[in-house]
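Contents: one structure, followed by commentary.
Chain IDs A, B, C and D follow the sequence of writing; residue 1 opens each chain.
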């Protein structure tokens, strides 16, 4: 095979740099990226949802599509669910179906933003009936965790206000605390509640959970089963996301990621497409923390949940998902190549550019032959995009699923 | 009436400052704000469109609602249309209906972003059939201008790309130029083509018409009937919008506004709600240009089309529109109070803070009694919000239009 | 006096709206704004420091200038010091001089960013000698607190990195924690340590204390004498600062403000000049918290230290400081006028725009006559800018201090 | 040599992909990056200028340092000058000295921001005497162009205002136009005037030349010898710089670059360190335009002046400059590897992710062996950083130039 020669040249060069290539391959095989069920159904912008001919129409189809992505990438064996979009009567039937595909159910994502009741908020709504409805839905999702064996409750809120004065920041904060308390208590044993923050949108004046600081404040008050979820697109422009990742790791508070890219707002583009160097720097922090002597930190790092959360409008959905997984894989592979001993030395010497070049030496390495080799060793095709192009699965979906008008994702306008 | 005394006190104080209050009132009565037909039907975010019980379901209802806003404000007698959302068979019947309400048809807005064909662009699409479709739609809109007596074609494009490499920036720019050329030629005599720019969204990597610079480049190449349209929310954070307004006025290129507010992206909130001082500064530039000795500048300023373009999700639609008009009115009234002679003197003396205080002296003035007086002199209620609260029109709509599920606006998810 | 009639009209109108004007005046007389010693000496940008002819050259002159600002405003009786810029041998002599002017020494600000040693950080420097130097300087400042009766240690750091990889985020965080611990222990009884955060600059890749979340993390770990200092210009664009203020108040963690304005970065312009509505919204949160039933919150709010921190380059320094104090006064006065009962009702009714108008009703009020009356009742001139214009103090300084070349502020380039 | 084997493997792989490696090497040898004289003397932030022991103290030393950078990189044979920082009595002596080092004098940069007179602007100052002074300085610089054989006048202005109302936007714009007119007329034959824009800083409310749109407006009005200079750090966050580059190229208006990186504002970090993918995308546009059939476009692209403009504070100056040149080289090399035929095909097929992958296929290539080979073929060391580490030049400077206190750059605080 063509990749083989390139791999051998690379392996030789890496070995010459003192890198244990086998260890790198072990790490790459163990990498995990969870794909979201809603990434397989139609989605878009407020202006238009362009349907994709093969878009999945229900959770069974979503699992099948995720299994296809897994068959090309090998590191994406679980699928996050969104309730009620993925609601079924029989969870064990669904879990069995997943297992039959070699897949698992991942994080459970309650939806407390699309019911008319949530116009002015869910957990923070001044109307106690609405808070009750939202909390009950979250509690129901803890039951779904038990029914599916999921260990993660992933909480995102559209709560906030659009106009100065509209509501009380502190009053809402207190409602949020009460609601979290109730849901936290209902978590299954060993289950985790990940609290996602977002800088803006859909509320445009203030978001109740606007940054990692407020999410961490709640997580600390709740206890060790509550952690923070970092969506890479949910920050103000100019934010150093890898620094936030490092802080949360050091506090033992990083629970997981929703990966995507953005150039301006929460653009929800394919992860790694706007600034691939940033994704590499994020993985660098994670590897660094995994190896920390403080077990709180290393244990936190080793339990981080890596999930994709994107909103594709014009890209073929399955190809987009493969691209997402591969971009994470490349970033992780490069971060694994960082010479951490040299980095520590350059830092100790306060050698600014020397330390920077230890990172860029890893980043500049062309890891594609390495990834191809790992795939082949896992029994996969070396090039997932070539395999995608050769597959008749997407065409089959387009024929069978009838033209992209399905709204299986619950996306408005889909 | 209560406002009368407050007005007399204010008028006295203003007169004492050398201000000709009658002249200010003349200007205030002549102010115009066009409301958009799509502001009367349901709209929202990509996450959810919360229906408003009285939302208009067709263009006749939209005109009726706009007439209600006009009955409370007195300065909003025209309505912008969006095609095909507001398409009718019989334009003269619609114009007659408008006239019967004391209303006029304003700008015509083609829609080249919601058809499946426009997935990869409209005027800039590399597919000539799609370009043809989009141009034909714009040409059709020039016919609607003739049929309705509208003098403005207002062009906004969702054209752009989501990923680096996706398409050729310069190739698309050339397609855009060709399409503009064809549409420009078809404009009715005296009609204007306003080219709107937008920094981002819905395309997230690049927008073909991304800033005033590129819009002005096209407008200059086309000729005097092409000008630039400034949407206040379509700029990068930190942009000095009033400076752009001044530049475009000085070049004779400012055609009109789409007013709204934003805290982060294109939030489409009610104009003047995030930074009312900025709206005042924009009006300041317009008044300054109206009085310029250069007739290109003053004529440009006097022909600026002032239009609202917002996307309300949680606010009562009619109240939101009244608030929008009133916020523009207050900003304009304060800008009219600026002592321009003193300002010129402070500037000539390079008195930084003295010049600033000439502006804040006007801005700090409470103009509400003045606006109340102007309304009363126009035969309206002094307080439009009190009048709104007393009116049974909104309730009547809620009863008759049946619950906010209408999608008369063409908004996805509505 | 002219203002008297305007005041009486305003008082009558406010009283008719159910407002207890006397109570408002009591609050306005009790307002405090601390001015910074470094605001009286030359400062500027990295490109040029334009000297002001009357700029103070030492701490005695700075106190005299602050006393002049106090003589015009009446609510600025204390001055923050910056060490070593304001270092003196005899602190009791300085305190006596201040007292002789009717002034007090306010917050003590250590400087750990201008010594060559701090090139790669101070508290976070991997070099233990540099950390020792920085900590010792902070400890020295706690002694100066004792010597001057100051109750606040105000800590800002230029610590951070310029390049990816340059140093370890988490290693630096741990050094920071150790250093804080040592300084905290040395605080005088009743003294507070305020931890300031900054989004960027002078480090451009990462700032060790980048946001309120990390500052609050440290403050919580240290104990009740540690709180967060909010510099209004130290946030990413689009940040809702009043929301952060509310969160910190609710957690009992808000220690103080460094007030200034910005349009883009940390522009350090006069507070309230870019978006005066935002300053009003910040004061709104503070008043709301002062009245909270939770004594942790109300006590926190009542002990907030309000300080100016600006860097004037082209404005006359004393006039700029008067303007700063007056802008805070106007924002506070308007926030005091908010009808909080009506606000609570509108919020309870989920009346979005009704609640917003409760705020704008207060904001639109012209409070200048009220401020004039308060000044006159305090024995001051009604208009501080007129008084400034009539004073010969600035001219006297220009003659005596010789041309603006003094570098009393320690500003590079001054 | 070690790089040789890696190069041969790479060359083989590239050849297999249909790439003419010799042609790529020809292009790489022809690449040019101009370094700035002010990059060799001390610079920093408004908070502190950390001196570098070997910082150059005068223009002769700066040229010597630039020659050292050239000896390591081979593509940086010219140096931009800043007047009056680099003023000498005898320009031919300086030119001869440069020639003796194998170097040339590049762009001439007037300084109209550091004299006290420019407090309120230079070309836009309402004071005619100040405008005269500034224009005369620019005219003097056109004479220096003649004296040194420089073909570029590079104009950057700190002109703008800090407060709303401070001055008239349009009045200043007209003064700017008049001044440009006068300077344009004085350009040497074949000389070009490059107009640089900047979004903000040092003016913080408005910048007279705030974006490419206004710079292009002036350039068009002046004539073909006036073009726009793009400083990569002078844009609002979120701006698509490569799109602006493409627009300016298509209009024949792109004159040159000031390269640097930023994460937030005008951070002036080493180019390519924050988002190396963006630098690659910029070079992609330039190569695309060089090959355009329209000779206006291709000629514009081939005459672009590539210049570094950074402000190093903590990095060793010479190492930083080598890093800057190498980062540009790597970006250019990768952009040269783009399969433009495949790209055109993917675009024509509207294959969004296929087109994106044509770019990433080039970007992911490890071009370091190629660059090493090009250097060796040019008679240089294969690894410029290893050569830098082995050189005793920096140490020699530190010994001879005495400790970094030199202010040869004219930087405030240096």
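Just so it is clear, a residue touches a chain if its C-beta (ideal position, glycine included) is under 8 Å from a C-beta of that chain, and two chains touch if they have at least 3 such contacts.
Note that this is a predicted model, so its numbers are computed, not measured.
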For chain A superposed on chain D via Cα atoms, how large is the rotation, as a multiple of 5°? 180
B-C or A-B, whichever has more C-beta pairs in contact: A-B
Can you compute the centre-to-centre distance for chain A and chain B, using the mean CA position of each chain? Integer Å is fine. 39
Specify, in ascending order, the residues of chain D that touch 2 or more different other chains. 119-120, 162-164, 199-200, 205, 237-238, 240, 263-264, 270, 273-274, 277, 314-315, 352-353, 356-357
Chain C partner, complex, touching residues on chain B are 6, 9, 13, 237-238, 240, 263-264, 270, 273-278, 314-316, 319-320, 323, 330, 352-353, 356-357, 363-368, 385
Give every residue of chain D touching chain C within the complex, in rising order. 44-51, 113-114, 116, 118-120, 158, 162-164, 199-202, 204-205, 237, 262-265, 267-270, 273-274, 311, 313-315, 411-413
Complex contact set, residues of chain A against chain C: 119-120, 126-127, 161-171, 173-174, 199-200, 205-207, 210-214, 216-217, 235-240, 242-243, 246-247, 249-251, 277, 281, 285, 288-289, 292, 297, 343, 346-348, 350, 352-353, 355-360
